[in-house]
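Just so it is clear, A, B, C, D, E and F label the chains in written order, and each chain counts residues from 1 on its own.
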Amino acid sequence: MSELPLEAGLLLAALLFLTGLVGVITRRNILFMLMSIEIMFNAAGLAFVLAGAHNGQADGQVMLIFILAMAAAEVAVGLALIIQMHRKYNSVDTDVLSELRD
Amino acid sequence: MILITLLLIMMGGGVLAWIAGAFDKSLPKWISLFALLTGLSMMVSFWIGSAGTVNLTAGGAWMVTAKYDWIPQLGMSFHLGLDGISLIMTLLTLFLGAISVIVSWKEERNTGFYFFNLLWLLAGITGVFLALDMMVFYFFWEIMLIPMYFVIAIWGYEDRKYAGWKFFLFTQISGLMMLLAIIALYLIHGSKTGTYTFDYLELIKNVPGGQAAFWLMSGFLLAFFVKLPALPFHSWLPDAYTQAPPAGSVIIAALMSKTAAYGLIRFIIPLFPEAARAFAVPALLIGGLSILYGAKLSYAQKSLKRLIAYSSFSHMGFILVGVFSFTALGLQGVMLQMVAHGLSIAALFIISEFVRERTGSFDLSEMGGFWKKMSNMGGFTIVFIMASVGLPGLANFVAEFLTLAGAWQFNIPMSIIATLGLIVSVNYSLRILQKVFHQKEYTANQSRLYDLTAREWIVMGSLTIAIVGLGFFPQKVVHTAQPAFDKILMASPDNNSSDQTMNRVTQLNTMHLAELNKKEVSHD
Amino acid sequence: MLSNVRTLWMVFLKIFKKKVTIQYPEKKAYLPPRWRGRIILSRDPDHNERCVACYLCAAACPVDCISLQATEDENGRRYPEFFRINFSRCIFCGLCEDACPTYAIQLTPDFEMGEYNRQNLVYEKEDLLIDGMGKYHGYSFYQQAGVAVGVKPKGGGEKEDPPVDVRTLLP
Amino acid sequence: MNEILVQILIIVGVLLGTVTIAAGLIYVERKMLAVWQQRSGPNRVGPFGIFQVLADMVKIFFKEDWIPPFVDKKVFIIAPTIIMLSILMSFSIVPFAPGIVIADLNIGLLFFLAMSSLGAYTIVLAGWASNNKYSLLGGMRGAAQMISYEVFMGLSLMGVVIQVGSFNMTDIVNAQKGLWFVVPQFVGFVIFLIAGVAETHRLPFDLPEAESELIAGFHSEYSGMKFGMFFVGEYLGITLVSCMITILFFGGWLGPSFLPPIVWFLIKMFAFILFFVLLRAALARPRYDQLMSFGWKLLLPLALLNVLITGAVVLSNA
Amino acid sequence: MISLAEFKTILPEVILSAGAILVLLSIAVKRSFMTSYLLTLITFAAALYFLTGVDGKGEMVSNLFVVDAQGKFISGLILCSSLVITLFTYSYFRNVKEETREEYFVLLILSTLGAVFMTISDHFISFVISLEVLSVSLFALIGYLRHKGAAIEAGIKYLILAAAATSFILFGFALVYMTTGKMNLHELSGFIGAGTPTLAIAGLAMVIVGFGFKMALVPFHFWTPDIYAAAPTPGAAFIATVSKGAAFVFLLRLFYSIGGLNHEGIWVAFAVIATASMFIGNWLGLRQQNLKRLFAYSSISHLGYLMVAFLAFTQRGVEASSFYLLIYFISMLAAFGMIIYLSGKGNELEMVEDYRGLFWRKPIAATVFTVIMLSLAGVPLTAGFMGKFMVLSAGMGAKGLFLLFVLVVSSTIGLFYYLRVIAVMLSGREAAQASQPETGRHSIVFTAVMAALFILLLWAGIYPNAFLGMLG
Amino acid sequence: MNIIFYIAAIVAFVATVMVVTRKNAVHALLYLIVSLLAVSVIFFISGAPFVAALEVIVYAGAILVLFVFAIMMLNLGANSGKEESKLLKPNAWITPAILSLILLCELVYVFINYDGASVELRVIGPQEVSQSLFGGYMLAVELTGMLLMAGVVGAYHIGKEKKREYHRYLQTNENS
């Protein structure tokens, strides 16, 4: 195996992470927010795997496996919430969520 | 043991009163009166019994101390000590406490909780006078606060909630600053000596100096200035004093402000001798200005109670002046002033309450010509107004004289300013007499005016006896407190390690004190 | 679960069974005589149309695929002016056959009616009429109906009795 | 250079071979269904009708490629390609015989699982993109069915993986030299078989398309070449699952040496293909909830138990 | 594989897991609110019992967890508060309409499990997973009353923010792992120094952001009031105490272990966060009319105080923060407990105004509530003061002096709103006698728990020796 | 190998940007799948074949299918696009984008300054990962089980539809 362009890999992870972050902040559609969260998780996983590869350890990959489990659990509950929200408001736009205000 | 018993009597009495209040409305007042009188008699017998036996141990003139483990991990112990100053103040507290119970005899709303608060308030004040551990001191300092808040906020007059709030916040903020200073003191001491302790007696052995001392002192000073109150921190005073119920006013003006004075004597001078001296001129300035400004405000008031409140503010300036003169003379004056002012201001507040009970308001413009119907009350009023003005023969005269004499030794211009206050005080004091009892005829419902009842006679009578007695025999108090003052003044910057070498100032002070004692005796 | 396995096995065993398929175009399938297939119009023994245009078949037809128009010839004999069956609608139920009083309309075993153009499935009378008598040989309605038609007087049919004169006193 | 040539040859061979087999299956299935139904099946086009495949192909290719106006065009077009792609990719790890494999990955089995999990999208997206309620229902059923059965499929294979200690397909085959895994892993085999049927949504688990209820479900709106992809994809899926069963449980190319390995492989594979057809011929379609509860309440515990027991046995032997 | 000794060390956690499964199974067999409740209680009690058998001398459990004195203490604290919250839950759900109430207990046990594991984590992986166990359960706990729009909204808000925070933490950890190749805290110990790569510092910065979200420190605090207001009250109590406490403990462990506070930038960042939390938490609390929101802001500022102890970066800081956590837990639990205690059927007393005249209607309850508010405000003789005292004394260093002033000043700002609640309870004497809003009837157990909390508040405020002793 | 890496990286990034900017949820999901596949390729070439497969199996194959499932269940389609389009105006996203850009610049700066000594890549296969996973991280795996249980219980409860309330006369016997 050749050497891995580590900086480039990290840069990619950072790019993905920030893209996800922008998505979470800008999108008002809750589905997109959830997807952006997934992107962020994935980017973190990417960083971990690259770090693991860089250090020549399996731990990075192990972390990714756990990240997958976390993402799954989170998405399950998140989607259930979205479905309830859709039942209640008939919309997936977070703007309809306005009951809680100061 | 007697100290613990005293506190337990008051606190236990409070709890008992609360519980009893659930069964019978009038039971709590009897319980609290009984508790206070028990404490009073206990302390009086102690005073009489041990007047001469001053035990000059461990850094102070302690008559009796009590020390129990509290939180050893943090170097806190439940350390109480009674020296002359504390004894006098405790006696005053118990006496005025009993008076205030009698004053609030007619209270009918939630009496159980009311007397609980009253007793715990008094316990807190007593605790402050007795505490020898900084944390214990701080605790009692704060214990005073909450019951007082309740007393004001529940049983006060119309604007009670605002007043209670203001009072609480002012004192709480300043208290927290003091807490910071205490903790810093504790840590500095600990890092210097290796023993982390809050014990006052340990702490004064190794006081910090320089910049640190100044900051620490300002923490303490803030708390004391607020509670005293001194000039820039007085804005809570009129509200709290006037909105509090009569017993509340009595306690807050006569006792609670004395805790600050006591704190100045007990803590500021011995713990921060250098810094305190460095701060003396500003402090004296504040004191002088407080006297004048208080007097001015007092004169301008339309409400009787407010007038008295500001007069108290003005008188507190004397205490500041006395303390920051760093002379035994001044401190003696402060001591006497505390007692005398406590008695007179309590009496004046009580009178104002009597007036309000009859006319339904504190408004001076509605009053006048009460002498006809209430000559007895008028008589008492004259006594206390004279006391407040500082007429010779009454305790206040001696106190103010000593204070000013002490201040003269230390800083002449400041003492002149303070003396001006004496003159001004005549103005507003006499205004009470004039407005309430003389001048125009009281036009409104005359039938509501009646002279003192038996209960009121007891109150006024005992107060009068006390103040007159003090006026004639001040040396009793002075003698009791003197060893304590000696000790406190000895803990000056240069001789904190050895008791043998006295610095020049202290020597001077002691000399003057001796002269004075002679004078006092001969004057007698 | 086990029944499923058994099913599988039993179906699997069919591999050894003989095929039942008939190679149709090459090998014609046997049709029972009463097979209901293509509809025809039959003629009587005289080679005349049996149909008397009574409309009963059209009335009986559940899908209304039969249409006809009655008329009479010079002898006063009724016959359909046109007779049309739309086989794209017909369901070969046989009700028309049942309804027919003259055995004119009959369903035959013929089923091979495929057309490329759907319109061609509309059969006119010419397409329907056959030369034979269908399933009922020798039956002629007019020979037994007892009505006077041009070719025969009343009661002149084969199995007809002459009309009874009810005015006579004798039988 | 020569190696690369061989590699290319193998790739082309596998691709062409599998697609041919899949296409041939159109004929085989029809013929075998006929046999089990005591019919004769296609026999007109060419001898025994073997050119039926060609005829069908021609028909599919020349039909109008109609995209309904109401569909989500992009997704509608992408959906059928996914199944072809994912399954053809899966074939790249299948060792048909020693050396005849495109990529002998050390995670071969996982790669297969990965690709089959991507296969779920084809149904889901087709169903959604068609913008039609029957298709949507079909798509939803498909999604639920395929995610569920993927779980059991993966789990059922873990027994084999535990025994071999590798995800590599060649290793797995080689490990069966003594005994085919169908014996020790019979439970795994049964579960994999059932899950495989569900994954390829073949009858009797063809709920996503269920003609009688959903009028062809997710591909109602498809016609022409796009339908053809679904069609061929399905047969490719069957082939793939048969290959996997052969490799994982029936010793792959192993067999008595009088026949070359590839032949053994193909024989076994065809046997399973025929079995799939038999399933279609014999069994009725279960209800949707029956399907799900069957999976989660029976297969999942069984698969877990299988993994546990296998693991315990392997550990105790080690 | 873990050895028997290790197994014994994490026995409480094992019991929690078993308890969760048991409750779930009992639901599967037959739904019974009472059974689930009792099983949950037993689970927590058993876990607590077995926790006492743990040595807590820093035993490692398979490289992932370390059970030291602090971990043991906080675990016990968390278990106790979960026990109390279970009791709250029972009383709460008697007054709230919800068709399936049993799952709440499963989620409660699971989230407690996550929190407990979090406090003893010694590894990035174990921390992140336990954090997720906690968070995922919390999503459901917050959105539990799923037919209420507010609950859904709160659940979604928390989900998005918590997930984003987790991903920040993950990314940060990844960067740290990249530079060091280690994920164990004890292996990483003291790696922050002169030659620390910027990459690791950047990673730690991201971790700080994530923790800021989890603990609702100020620039990341927006979710808190909404979630408190919308979650079921026991859930809100849980978030306020267990969730935040566990996050804080790991933060402490992490930064103390790696010596993160030696880095000037990190220290300043935390100081800014702490300052802002204290000020803004108290400031925003001033205009709150909703009691739960008020508690939310209160908890923000309390976490700010905790950060002051954290920033001391000494052993004293550890002790002070443990002690403060204890006090904070008791106060917050008591506060939320009072809301539940006073709420009637279908009538949750959420607004401050609902308590008008409480003092005249229910003097004892009002007194208890007053003490609780005073404790939250940190007035002496109550536990809150002792906690604040410890924090102040821990933070008394040259570096943190500014923070102490902020603490004092902001806590006096905070006094305003605590006092306002008390004032409202005191006022309206006449109105109180006229109308008597329905309040809940509660079991003797619940009353006893509230009494115990009240006594603890006073006890810890007056004679905290026993509590200080627990810190080891 | 590097070329493959860069191609995959570009694909991943572009696809991710597309995810965030799509109006249609399903299209976004498709792009997300592409992004995940690209990331999976990167995993593969950075010596982590096992997680590369897992990424596809679990992430693309299961989690995102859940998303699609939810979208289908809610029957969200193109009709939500109109509302979305107004949210995609520049003023909605420009600020976060700029902020992120700044963050990115910082990170890039940090990366450039980071001189991680390049290590020869080594394939860490499933065996090694599993040994790690079920060796040292055994407890974490167990804990993950608890995590999934929490997820299942939570999703089950929250996703449940409200029970219809009948009049008491209409209730079936088992409920009463």
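By our rule, a contact is a pair of C-beta atoms (placed from the backbone, for glycine too) under 8 Å apart; a residue touches a chain by one contact, two chains touch by 3 or more.
Keep in mind that this is a model prediction, so the values were computed, not measured.
Participant: Using the touch definition up top, find the fewest steps from chain B to chain D.
Facilitator: Minimum number of steps from chain B to chain D: 3.
Participant: Leaving out chain F, how do the leftover chains split into contact groups?
Facilitator: Components, chain F removed in thought: A, B, E | C, D.
Participant: State which chain is most central when centres are taken as means of Cα atoms.
Facilitator: Taking the mean of C-alpha atoms per chain, the most central one is E.
Participant: Between chain A and chain C, what is the separation of their C-alpha centroids in Å?
Facilitator: That pair's centroid distance is 76 Å.
Participant: Can you compute the centre-to-centre distance for chain D and chain F, using the mean CA position of each chain? Integer Å is fine.
Facilitator: 27
Participant: With chain centres taken as the means of their Cα atoms, state the distance from chain C to chain E in Å.
Facilitator: Centre separation, chain C to chain E: 92 Å.
Participant: Compute the distance, rounded to whole Å, between the mean C-alpha positions of chain A and chain B.
Facilitator: Measuring from centre to centre gives 65 Å for this pair.
Participant: Return the residues of chain F touching two or more other chains; collapse runs of consecutive numbers into ranges.
Facilitator: Each of 50, 54, 62, 66, 69, 71, 73, 107, 111, 114, 116, 137, 140, 144, 147, 150-151, 154-158 in chain F touches at least two other chains.
Participant: What are the residue numbers in chain A that touch two or more other chains?
Facilitator: 10, 20-21, 34, 45, 50, 52, 54-55, 57, 59-60, 62, 66, 69-70, 73-74, 77, 81-82, 84
Participant: Where in chain D do residues touch two or more other chains at once?
Facilitator: There are none in chain D.
Participant: Graph shape for the chains shown, where an edge means the two chains touch. Line, ring, star, complete, or other?
Facilitator: It is other, because the touches fit no line, ring, star or complete pattern.
Participant: Can you tell me which positions in chain A touch chain E when the two form their complex?
Facilitator: Against chain E, the touching part of chain A is residues 10, 13, 17, 20-21, 24, 30, 33-34, 37, 40-41, 43-45, 47-48, 50-52, 54-55, 57, 59-60, 62-63, 66-67, 69-70, 73-74, 77-78, 81-82, 84-85, 88-89, 94, 97-100, 102.
Participant: Okay, in this complex, where on chain A does chain F touch?
Facilitator: 1-12, 14-16, 18-23, 25-29, 31-32, 34-36, 38-39, 42, 45-46, 49-50, 52-62, 64-66, 68-77, 79-84, 86-87, 92-93
Participant: In their complex, what parts of chain E are in touch with chain A?
Facilitator: It comes out as residues 124-125, 128-129, 132, 135-136, 139-140, 143, 146-147, 149-150, 152-157, 159-160, 163-164, 166-168, 170-171, 173-175, 177-178, 181, 183, 225-226, 229-230, 287-288, 293.
Participant: Provide the residue numbers of chain E that touch chain F in the complex, in ascending order.
Facilitator: 1-2, 10, 17, 20-21, 24, 61-65, 99-100, 103, 106-107, 110-111, 113-114, 117, 123, 125-126, 129-130, 132-133, 136-137, 139-140, 143-144, 146-147, 155, 178-179, 197-199, 202
Participant: Name, in rising order, each residue of chain B that touches chain E in their complex.
Facilitator: 70-74, 109-110, 113, 135, 138-139, 141-143, 145-146, 149-150, 153-154, 161, 164-165, 168-169, 172-173, 176-177, 179-180, 183-184, 186-187
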